[in-house]
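Naming follows writing order (A, B and C), and every chain is counted from residue 1.
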Amino acid sequence: MNKKQLKQLIEAALFAHPQPLSVQRLHELFEARGVSLNGVRSALKSLQDDYNDRGIELVNVASGFRFQTRPEFGELLAGLWQERPTRYSQALLETLALIAYRQPITRGEIEQVRGVTVSSNIIKTLQERQWIAVVGQKEVPGRPQLYGTTAQFLDDFNLTNLSELPSIDFSDETTAETAITERDDLHD
Amino acid sequence: MNKKQLKQLIEAALFAHPQPLSVQRLHELFEARGVSLNGVRSALKSLQDDYNDRGIELVNVASGFRFQTRPEFGELLAGLWQERPTRYSQALLETLALIAYRQPITRGEIEQVRGVTVSSNIIKTLQERQWIAVVGQKEVPGRPQLYGTTAQFLDDFNLTNLSELPSIDFSDETTAETAITERDDLHD
Amino acid sequence: MAEQQSLPLGFVRGEPVIEKPEDLYIPPDALEVILDAFSGPMDLLLYLIRRQKFDVVDIPVLTITRQYVQYVEMMKELKLELAADYLVMAAMLAEIKSRLLLPKPPQEDDEEDDPRAELVRRLREYEAIRHGAEYIDEQPQVGRDMWLSEVSSNARDHVTTAPPEVSLEDLTLAFSRILNQIKLNAHHHIQREQLSTRERMSQILQRLQTQPYLRFGQLFNKSEGRAGAVVSFLAILELVKESMIELSQVTPMSEIHLRRKASFDEQEATETTD
């Protein structure tokens, strides 16, 4: 198949498939028709360019490539749905942040940092969203479960990997003042 | 909002919404921003042209407009939903092998050689695949059914007749020693 | 970032609460809202520190403890459902305060023993996590800021569920496993010729399923040549030997017929076979 056909097929596949598709998966799909890995890559690149100036964009997240509506249209499109998107509580976001930044982490360790009991509802909600998962057990008395974030978390927050989240660790040498300046810069 | 922005928004809305969207619905959505019904119509027309030569197309169905993959791509994209075939169990393969190599053979005889009961599921699966069939009954008490392989079996295994099955000879000349070596080789 | 002073007190149903008490008088219902707005004692503590532009590394513990305890006392006075966690923090602050008030033994002046150190460490860690939570919340989020495309496709109509594949090799391997199981046993010689004989046996039996008799001659096909005839003949002999068929001949030299071996009671036998 020629370049144009491959590009059309990959485009159709990405639009039709509800989950992101990896380069490998796309390659497997069309391998039998003599499509190379590089062929897939260059088609993706070309598609990304095509959608540069449109209402949707082709992005690369943790589990592969997907088409999505531009984030800046969020509010304008919200009217499509009856329900307003859920806003998560500060407690949930802090718990999620602890799991994302300090994983693997136990519930007890989360409670220590936040100074407050972690409600079972928060853990349940995070698990139902498939943003966190039990990744093991800590070898201390009671063998508490260790939590970590999932690929679904990265996908849902538009990330390919955790390091894309801004760092929250300021080195010990950082004075309070420079730390605040840095923080402010990050916020701009 | 200008024409370009409206087009981008309608494009995003159509992609994001799982069901088709009517001209009226799209109009309602952006009415508050001074978008006219004709504005929506001409944006849709323009989008239809944009996707004229791509992997997906914008079509007008009974309940409104929707994007869909080009019908001619259906077969090529089916692989996205194709489940990997599972593998058959050792027990099934051994049963099939015994029927192929030792036919006609009764269930009792298979069980004798394998030393375990042959589950009805295995026989059923093999019959459903039309690889084995009842070829007669053995004239012994209970008149057990005799199983043999079918023409379908030969076709599926790319054989013209059974004698093309690889022979696994333990000929009379084989000394105990060489036989053991052969067995070990087979295990590798 | 906005000035420290105008940091929102917290978020109530997504709206920042910027109004804050200049003194400690807060209308009762507002306090309830504020308590709801704090995600825990660390959050409240951090707010108190930030409100006065203190740095976490150099907290005036006495002042902060006093203020924190006043908050907590007021909450108790108003009989608000106060989480035990707030009291735990109050106790910890009180302990630090009392240790600071005690005269220091002269040799213990190194930083590690500053009772504030642990609190500072905790506050810094909590503050870092607060930033983490902010960063996560600022990320574009599927279902809130963007939606994924799932356009309809006729591809699913073309999906077929393929049954598992078995290769000839799988089959031979399975058979060698069986042979290994039964060890070296003279009864289980498998030979090429035997196989075609066995196949022919199945074929003959299959034909006898649909017709009661077969003429001997029907079993030989000229196109198969001498080898084919031998195979058919061996198959017939084997079937007779294994009591699977019977041969009959009315008079010498007349046509030989094959039939399924007669059973004593067909009816009964059929019932018992399945």
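Keep this in mind: a residue touches a chain if its C-beta (ideal position, glycine included) is under 8 Å from a C-beta of that chain, and two chains touch if they have at least 3 such contacts.
All values derive from a computational prediction rather than experimental measurement.
Asker: Measuring from CA centroids, which chain ends up nearest the centre of the complete protein set?
Answerer: Closest to the centre of all protein C-alpha atoms: chain C.
Asker: For the interfaces B-C and A-C, which has the higher count of C-beta pairs in contact?
Answerer: Of B-C and A-C, more C-beta pairs in contact link B-C.
Asker: I'd like to verify one number: the distance from the centre of chain A to the centre of chain B, where each centre is the average of its C-alpha atoms, in whole angstrom.
Answerer: 31
Asker: Could you please state the distance in Å, as a whole number, between where the Cα atoms of chain B are centred and where those of chain C are centred?
Answerer: Here the centre of chain C sits 22 Å away from the centre of chain B.
Asker: When the C-alpha atoms of chain A and chain C are each averaged to a single point, how far apart are the two points in Å?
Answerer: Centre-to-centre distance between chain A and chain C: 18 Å.
Asker: Residues of chain B touching 2+ other chains?
Answerer: Residue numbers touching two or more other chains: 12, 15-16, 56, 67, 69, 73, 76-77, 80.
Asker: Among all residues of chain C, which ones touch two or more of the remaining chains?
Answerer: 147-153, 155
Asker: What does chain A use to touch chain B in their complex?
Answerer: 7-13, 15-17, 21, 28-30, 33, 54-56, 67, 69-70, 73, 76-77, 79-80
Asker: What residues on chain A touch chain C, complex-wise?
Answerer: 12, 14-18, 56, 66-71, 73-74, 77, 85-91, 93-94, 96-98, 100-102, 113-117, 155-159, 165-166, 168-170, 176, 183-184, 186-188
Asker: Which residues of chain C touch chain A once you look at their complex with the stated criterion?
Answerer: Checking each residue of chain C against chain A gives 1, 10-11, 13-14, 37, 39-43, 45, 55-58, 83, 85, 88-89, 122, 125-126, 128-137, 139-153, 155.
Asker: Of all residues in chain C, which touch chain B in the complex?
Answerer: It comes out as residues 147-166, 168, 170-182, 184, 188-193, 195-196, 198-199, 201-203, 205-206, 208-209, 242-244, 260-261, 263, 269-270, 272-273.
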